[in-house]
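Common to both upcoming complexes is chain A, partnered first by chain B, then by chain C.
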Partner chain A sequence: MKIVLNGKEVAAKEGQTILEVARANGVNIPTLCYVPALDAAAMCRLCTVELTEGRRTKLVTSCNYPLRRDAEIQTDTDALRNGRRLLIELLAPRCPDSVKLQELAAEYGANLKRFPESNQDCVMCGLCARVCERVGGRTLTLSGRGVEIHVDTAFGRPSELCIGCGACAQICPVNKIQVVDEDGFRRVIVRGQEASRIPLNKCTSCGKFFGPVISLSQVMANLGEEKVPPPNQSVCPECSRHNLAIRMAQRHFEQYELAPHETVEEV
Partner chain B sequence: MAQAISPANIDNIPTIKISSPRDLEEYRQALLAASDPNAPRIVVCCGTGCQATGSVEVVEALKAAVEEAGWEGKVIPSLKKTGCHGFCSRGPLVIIEPMDLFYQRVKGSDAAEIVNLTLMKGEVIKRLQYKPADAKEPVAKSHDIPYYAKQTRIVLENIGKIDPFEIKDALVHGAYKSLAKALTEMSPAQVIEEVSISKLRGRGGGGFPTGLKWESCAKQAGTRYVICNADEGDPGAFMDRSLLEGDPHRVLEGMALTGYALGSHRGYVYCRAEYPLAVRTLTNAIRQAEELGLLGENILGTGFDFKLTISTGAGAFVCGESSALMSSLEGKVGRPRPKYIRSVEKGFRDSPSNLNNVETFANVPMIVEKGGEWYKSIGTERSTGTKVFALTGNVYNIGLVEVPMGTSLREIVYGIGGGIPNKKELKAVQTGGPSGGCIPIPKKFLDINVGFGKLAEVGSMMGSGGMIVMDEDTCMVEVARYFINFLVEESCGQCTPCREGLIRMVEILTRITKGQGREGDIEALQEIGEFTNNFSLCGLGTSAANPVFSTIKYFREEYEAHIYDKKCPAGVCKPLFHYEIDAEACTGCGLCRMKCPAKAIAGEKKKPHAIDQSLCIKCMECYRNCKFKSIRIL
Partner chain C sequence: MSGTEVICQEIEVDYMLLDRIINDDFGGNREAMIMMMQAIQHNYRFLPEPALKYLSQTIGVPLTKIYEVATFYASFSLEPKGKHIVQVCTGTACHLKGSYRMVEHICERKGMEPGKTSEDMLLTLETVNCVGACAVAPVVVMDEKYYPKADIKTVNEFLDGLNAQ
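After this line comes the complex of A and B, so read on.
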């Protein structure tokens, strides 16, 4: 398999995507909706490149195009740069304060103010929904159709499936998802709207609130890790560590009186 | 007193499980013997179109009238409800057999007259007959009507002849003959070979060679699926619906043949839920075919199994796209899959899946029966066979039209369609649904031959077969806006170009039609259109801008008139025109004054009238009704 990337022959394994090969060879292709840990969705179309296989030249998204035979790839032609510029201009109204879009705009000479703002606080990369499906409680999903498509929970109500893992907040490229712990509850707020509200565990030892009250069995099953034992949800990790330390100390160093919890922390 | 004679009846033949192809032929012969083609019969079209205009009521009235009349010594005429005859603008349609008398726009109140005059005495009711636009005398027989006479009905052959809810009637007309032939005389490879020879191309719009698709699917390992795409959603297109409603067994037989050819035992029909009659017809047809042993397990005792299931969509246009359809069939959201793999390799449930359109499947039985060479002799070199078009818009005869590929637009619009009503000029023909394009007619394209290649050449496409005829009163900017707006609503929304690009195009087009167009709008439309066509994920997005491209290409001056002169030459975009009465042409007949709902027209009898612009609501009533063409669009 002979792969020529921007005029230079590069090594590639069969089935590797164009994006993987490009990144391995230090060629930058911009992406918005791609992270290596999740299946490519090819939604943002920013990573579109020009591919010639045989006699046919076509535009494909590099994040999900598997290389199977000799190919020539161009990643930065004028036509592609123009397309990316317009793509950024079209996306900008949704989320004008996105740093990522501003960076891309600078790179491709896009006019972020070309179209009137709609301020949806979301660039519709779908990452939150995909990561939620992969590692979370399958709470967030893409709801609606066409221009009305948006990230939402089932029926737009706060979800009971959420495990409060916060993966959505962490992955969001425009930082529009927040995880807030207060008053004994963890709330996930997606674009200003409460997506879930989960009671937090109160530590039976120190009385502090910690991780959310959840059943992880379904999530572990989704990940193929059914055999991992459920976590201790009655004692906070700190107390858990502290209590273990006490037990170990008492077993091995009976003669010592251990300092109370707080002092250990200070030490 | 002489007794009335009951007509020969296939209902008296019991339903049996047919266990060999020879038994099927015997059963067919028994059915043929029990049906007399020369018996008097009233055939009523009960397609969706005619039902909408009241054919159900007509059937009830006819039934009552037949019961009331005394048939001493005569054969009681039977009443048959069929699928769509195709001549929808003239519905409800009634045909009296064996004379082949054609009655149109029949009402329930006409029933007694039809029975007492036509059937009892053989008298023709002139009032119900069809008169072509330019003819003086009505046409009596349905086969003589130019609309039917000029068509080549192969796929639609049995529609209008058979009762779609009665498999025995379909058997009388030759259904499942090809399946029996293939199962006994042909190997699966031979079936594929025959389809390859026929050069049949996908009728859903893509035009991919069906034989090639089958071949590559048959090569795959694992469970293979045969799926029928009956998610017909193009505005104004109803070919597939009529096929399913009128002759479901032809489609089912085509699917079973495909299953046999591909070594598949499982088929699905993905039908849109907005076609309740089609779903009912299909459900019934599958049940009846299974009862007779023509579908299901051990078909005709040959050991071949083929199980068919109907799945209904939930009203998304995008589910006509193959990967979205398969997602939807799996129970997931109907969004196209972002995967560079063909569905013949990995489709439904990640298994090899062969998806064809309703009309493609309907073509298969006769290819198997008469051979690929025969099929190839119809149509053109590269587009073989016939194509069913849904002819709509500003044309005299609206309905389903089947013609050989390569028939000229002139023949379709004027020969079969009967031309443009109200003495208007033909302006354009739109083909290919929302992803197609507008072909300008007076300029040069009236004689192009309709085929896959030719339509693409002039910037449109075959699509699934919608054909919208537009007269001079059509604004092309508004047409483009309508189609893009349709796609904005039907876009799945997952990919950026289609979701964000199309809505911007609609904004620009709407602005232009409101008279707020500005310099650079045409260029912006072209820029965004090119981008959506190049960067989108699925076929919906990559062809979405076609209506804009073709209208800009052929009707640029109309865009410019909107943007720079703030005029809509066709008189459609309300802020961009006004009506004026040409004082010289006006005879002062007063018709416009009487028709005007806004009381905006004043004038004395036999003297030129005038329109008060401040009152005019531009409803078009005066323009449409003036017999002297004295209302001008300015």
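After this line comes the complex of A and C, so read on.
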């Protein structure tokens, strides 16, 4: 398999995607919806490249196009830059304060005033929904289609399935999902609206709130670790460490009849 | 959150019927999910939330995925539909032949909006994009029966028939 990337022959394994090969060879292709850990969905279309297989040249999304035969790939032609510029011009008004889009706009010379601002705080990459299905409580999804598509919970109501992991907030390329811990509740806020509200555990030792009240056994099962007993949810991790340290110190130093601070002073 | 506002009302869902649809008719296969949803919709005239929850548990597909499918296809409805369904084609040919006048007329007569159900739950008015019979435009589909070259008179006859019942 002979792969020519931007005029240079590169090594590639069969089945690797164009994006993987490009990144392995230091060629930058912009993406918004690509995360290596999740299946590629080709939602943002920014990673479109020109692919010549045989005698035909076509535009393909590089994130989900596996290489199977000899191919010639161009990642930065004028046509592609124009296409990307248009995509950025269309996406940026949806998210006017996104740093990532501003950077891309500067790189591609996009005119951010070309289309009116719609301020929907979302670029429709679907990453939050995909990561929620993969690691979270299967809370978020894309609903509707075409221009009406939007991130939503089932039946548009705050979900009971959310485990408050915050993966959606972490993965959002425009940082428009917030996880807020306040007043003993963890709330996941998607585009200004509450997607879930989970009570937080109160530490029985120090009284501080920590971690959401969720069924950890279900989380362990989702991770394929059914047999591992879920950790203690009544004491916060800090107190847990602290209490263990005290217990160990007591056991250890009673044996030698030494108080912990005395040993420090002697040294 | 935004999106479909589901009317909250108690719906009696027959789980025996759901079991029959899911297991007997389609073998409990998750690949047949859309067909199961169609069967459920056929029975209830919409997709009741408890039925979708039960479907999700039985075939092991996340509820969010089912919701995604239900909102993606225009033929699925999460809101209860009326007893009778009128679909007016607003495709190019039918529109030019004045189908919008029928839509306006029905809306005015029943005091409703396109895509919605009348308050007495008798009638749902849908605008569809093409029913594949442009040669006999404008087309109206009332209770799954096609009326070619329809006009306000055709619609009125149907609506009078409903009122007489």
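Keep this in mind: the second predicted complex is superposed on the first by the 244 of 267 C-alpha atoms of A that agree within 3 Å, B and C clash if a C-alpha of one lies under 4 Å from a C-alpha of the other, contacts with A are read in each partner's own complex, and residues count from 1 in each chain.
FYI, contacts are C-beta pairs under 8 Å (C-beta built on N, C-alpha and C of every residue); 3 or more make two chains touch, one makes a residue touch a chain.
Please read these numbers as outputs of a predicted model, since none were measured by experiment.
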| item | value |
| --- | --- |
| Combined model on chain A where chain B meets chain C, clash or fit | clash |
| Chain B versus chain C as contact partner of A:Asn175, first or second or both or neither | neither |
| Contacts of A:Gly156 with chain B and chain C, given as first, second, both or neither | second |
| Contacts of A:Gln102 with chain B and chain C, given as first, second, both or neither | neither |
| Chain B versus chain C as contact partner of A:Leu90, first or second or both or neither | first |
| Per-residue contact with chain A, leading partner among chain C and chain B | B |
| Partner chain(s) touched by A:Val60 [first = chain B, second = chain C, both, neither] | first |
| Contacts of A:Ala195 with chain B and chain C, given as first, second, both or neither | second |
| Partner chain in contact with A:Gly144 - chain B first, chain C second, else both or neither | both |
| Chain C-contacting residues of chain A that also contact chain B | 142, 144-145 |
| Chain A to chain C touching residues, read off their complex | 129, 132-133, 138-145, 150, 152-158, 161, 190-191, 193-195 |
| Partner chain A, residues of chain B touching it in the complex | 316, 333, 338-340, 488-497, 499-501, 503-504, 527-528, 531, 534-537 |
| Chain A-touching residues of chain C, taken from the complex the two chains share | 1-6, 49, 62-68, 71-72, 78 |
| Of all residues in chain A, those that touch chain B in their complex | 40-46, 48, 59-61, 64-66, 79, 82-83, 86-87, 90-91, 94, 115, 124, 126, 142, 144-149 |
